[in-house]
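Both complexes shown next keep chain A, but they swap its partner, so chain B is in the first and chain C is in the second.
Take a look at the complex of A and B:
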């Protein structure tokens, strides 16, 4: 296994249909929300936080209107203010991330992996969430957003992926996307040297669209039930896995699928490094064409001090 | 036989091959491969017979370079002192392409419960350390020697030199009076090494250990904390693509001489820390991609076993008048750039002054004045020198724009004040 102490936790999410461009971005943002909340980086779910923030802003504007003409009242206490600032800073960063992730997915067609890392730096994370996006299948019904998100979370929760994890202290969260070197990625900064870390816990979520190819499906279940990691789905990992003889065939099938997916997308605009060439060339050449792009902002986790204080006082009553 | 001797003289000196290191900072948003940038930069150097001294280019005629490169720098070129300017054919140009990481230091903690960070952790090359190396001015060839040390270490590891026969410990100890730039030099060295070795290591890491956080409140736990710290470092080293630099500042607090601890003034826990550190260093030295940089003010207090492990024990003293001149020169250029000293006037450097035999005339008078100040301020530390222009402005000037001559006289006063302050301190 390429991974040292911790072998990756894997999770296979199967969709009965196709996921179109924008929805892929939605999957990523939903995953990010999920990870941030589940791993104690934000004290409440993103939606709750946002609602709170909006309420606060409304209140603030009301107060401002009332206070007009009057003398300024004493402002809120220091630590509370700090809390508010942390909250709004985190929200701002998360929103910027969401916006740009969606933007990236609508501009760049072939982002095939997304990584969310929790930890000091993206290279030394405590936890890494690898999201392998589906490629390949082109026949089948187009899924709606609701269906996609439902399937995703049903699988995540029924598999209880994060069940045994211990609580985590607040830290930084980074988002990286993997896309071809020549793609017109904006906002995200290229990190050509980045590679997936093998430090800390690694969680792999593989998303597969598997309608119309039952043989492929069978292969996949084979793979996942055996000891091998299912990462072979993406072309990047093939070179490392394909040494295992029996897997080769099924994996190669899929890689061709992958590249044909890419070539269909770019057929209109002919670029020098056209995916057609990639499809015929061997996997090694393909490999180097994908590089990682890192989001220039990170989300700094924070705790709600007031809430935890309340919690502990509640505990006191019971004690 | 004589003829042969003469022939030998005519041949080019076989000495060391001359290498010109060119550091190219790639634009953070550029996705071009380093190889193609290298090609363009090499072409740039071959096309024009550009001056081969230290320089920094930020604007290029080449469109490709303008789009993808932020700056090209040549530092520590060894040709400054040689009289004849070498032509490009006799030297090899080595181009190092790098992209800086923007994020500041990340905290590394040992305990889940403990909030205190045990180490700061940078991804190199980091934007925090940009320009540090160039602005560190030392007398002898300290900087070059340190770089050469690192490259020898790598060479030996590469050639699989048996470490049972020839040992090297990957430990560098810089010592000397406070304010001479030891810590900065360590950081800058780590950054420079990562740039110079970008072909070999895809990125670098600098871990600055907080020595005091390694002492536990529980008796006998401190040694374990050191172990934990090194376990974390071990995890980083395991990635053979990364060059890991470990910086232990004020190392005497971790490796206080065990002998004095024996006398009873120190708890035995401190001895355990020293032992743990020594054994961990022995463990770590097996790996080719690690370097331990340490600094200290009080060398007498360091354990002998640690000093013995250090491959390079470099003394870094207060700067010489020449170095002081360079430091002040760079300070004044910066103030001119910022528009505080105006109108900008040219200050000659020492080399030019020497060529004019230090004769005073219109052109050289101000530069000679600066040289005089430099000679006067011998004995001040680098840190003090860097703040002198600030103090000169704060105490003696106060206006938002000053002429160079006025500023120099204020600088002179500031130097005198530093010395009188120091005397007062000693009197108390």
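Take a look at the complex of A and C:
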């Protein structure tokens, strides 16, 4: 992976259990919220902005009712109006991203990496956040959304990865998903030539599901690729194999594009389309099968100018 | 507030006291907003530390916090404050749900007439911004407070301090079976503040 002159900041988040498909999408949307707020692209957390927007709408509809029958005059001053527009636009784009990220994770089973870039373009960003999603594990309890999100953020906040970063000016945030070339990805646009940036700060968050994986790894070292017999699992939920030479080598012998795999008895074969079997650049020779898909909208960062206007009066109250 | 006693590159005991008590004011307000102790519509946005911080407009709360922080300021100036703890309790059961602890290390060698310590205001504000940001982000991992809650403020001081009239002696309000997450810290070089949050482990 091209990381240029700066080595990436890394954070390993370990989960004791299985993370099911849709939850992987939730992880990405929560990470996006976190990055946008922590890197000052939105002045308050997404939830707070949303709440304020709702309160504003309620006020507005009350005013509209009161003024029914009269000519409605927009009384907001110019800069405030611009501020409201920026907030609405940002929220609209964030919501579009959330919706489509969740859709992508529902429709495509093999998204194994997500990138959030902050900067003018996704090719030369100031900061790149690489989220390496966990492969499935075969055994273990299924984690709830609450457990997953709490573990993720407890780890991120305890490790304080972004704590010493300099303040950042407002810029554009882009989201890219990595999935197989032939996947039926909608809304996101394929960017086959996209390579991970080697400039700016790179932050790599690796999510790993631990439970059951050790037992599996031990078994895999003793069997050939044709001997896999893994029961009770979804065919597309295969554990991480990038660190296991035996499994990687076995998988290299299989043809990624061999459509006959789709019809094989999945309980007896590791699906080559699994996120792990196709563990991107970690599996030699299979890089080209995964490509990046870019979200067609970006989030334009903005500052809260309305808050500054209120500062003096509020400070007077509290002084 | 703190600007007059915290020059650009140096800080006095008085300036440090102002800076730390001001942090407590914004920090406590942030916690009360984030954790939904008071309704969101009773808060207003202000710009501080390069952040948008939510401050309460509830008159009773403002008076209460002003009283508390006036005393806290005295302890900071005497370098006798050891901890400030915000305890969030269930209104119905009085059970402690969350405990936000700010450990304060005071440099007791510094007096009001001591030479200012070198540390830029900008640097201190940046460190404080990091703590406030973490307080805000903590909502992502803290359990939802499902019942109506109230809060208490506890102060730990040096043993020889008299208990002020408006304060009473209280227990530590620990949480049984808790999870703790250490947050960032900041220092003025005279006062160092370490933040952490403890919450009920329901798992």
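Quick note on the criterion: the second predicted complex is superposed on the first by the 227 of 319 C-alpha atoms of A that agree within 3 Å, B and C clash if a C-alpha of one lies under 4 Å from a C-alpha of the other, contacts with A are read in each partner's own complex, and residues count from 1 in each chain.
Following the convention adopted for this analysis, a contact is a pair of C-beta atoms (placed from the backbone, for glycine too) under 8 Å apart; a residue touches a chain by one contact, two chains touch by 3 or more.
Remember, it's a predicted structure, so these values are computed and weren't measured experimentally.
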Of chain B and chain C, which one contacts the greater number of residues in chain A?
C
Based on the superposed arrangement, let me know which partner A:45 touches: chain B (first), chain C (second), both, or neither?
second
Just checking: does A:55 make contact with chain B only, chain C only, both, or neither of them? Give me first, second, both or neither.
second
Now for A:154: first (chain B), second (chain C), both, or neither, which partner does it touch?
second
Between chain B (first) and chain C (second), which, if any, makes contact with A:172: first, second, both or neither?
first
Contacts of A:163 with chain B and chain C, given as first, second, both or neither
second
Once the structures are superposed on A, label A:199 by its partner contacts, choosing first (chain B), second (chain C), both or neither.
first
Jot down the residues of chain A that show up as touching in both complexes, chain B in one and chain C in the other.
none
Within the complex, chain A is touched by chain B residues 28-31, 33, 99, 102-103, 106-109, 112, 115, 121, 123, 202-203, 205, 235-236, 238-239, 241-242
For a test of understanding, state which residues of chain A touch chain C in their complex under the given definition.
30, 34, 37-38, 40, 43-45, 47-48, 51, 55, 147, 149-154, 157-158, 160, 163, 167, 304, 306-308, 310-311, 314-315, 317-319
Spell out the residues on chain A that touch chain B in their complex, using ranges where they run on.
4, 119-121, 123-124, 166, 169, 172, 181-182, 185, 189-193, 195, 197-199, 291, 296, 298
Could you list, by residue number, the parts of chain C that touch chain A in their complex?
1, 25, 40-41, 44-48, 50-52, 54-55, 57, 62, 66, 126, 130, 133-134, 136-141, 143, 179, 181-184, 203
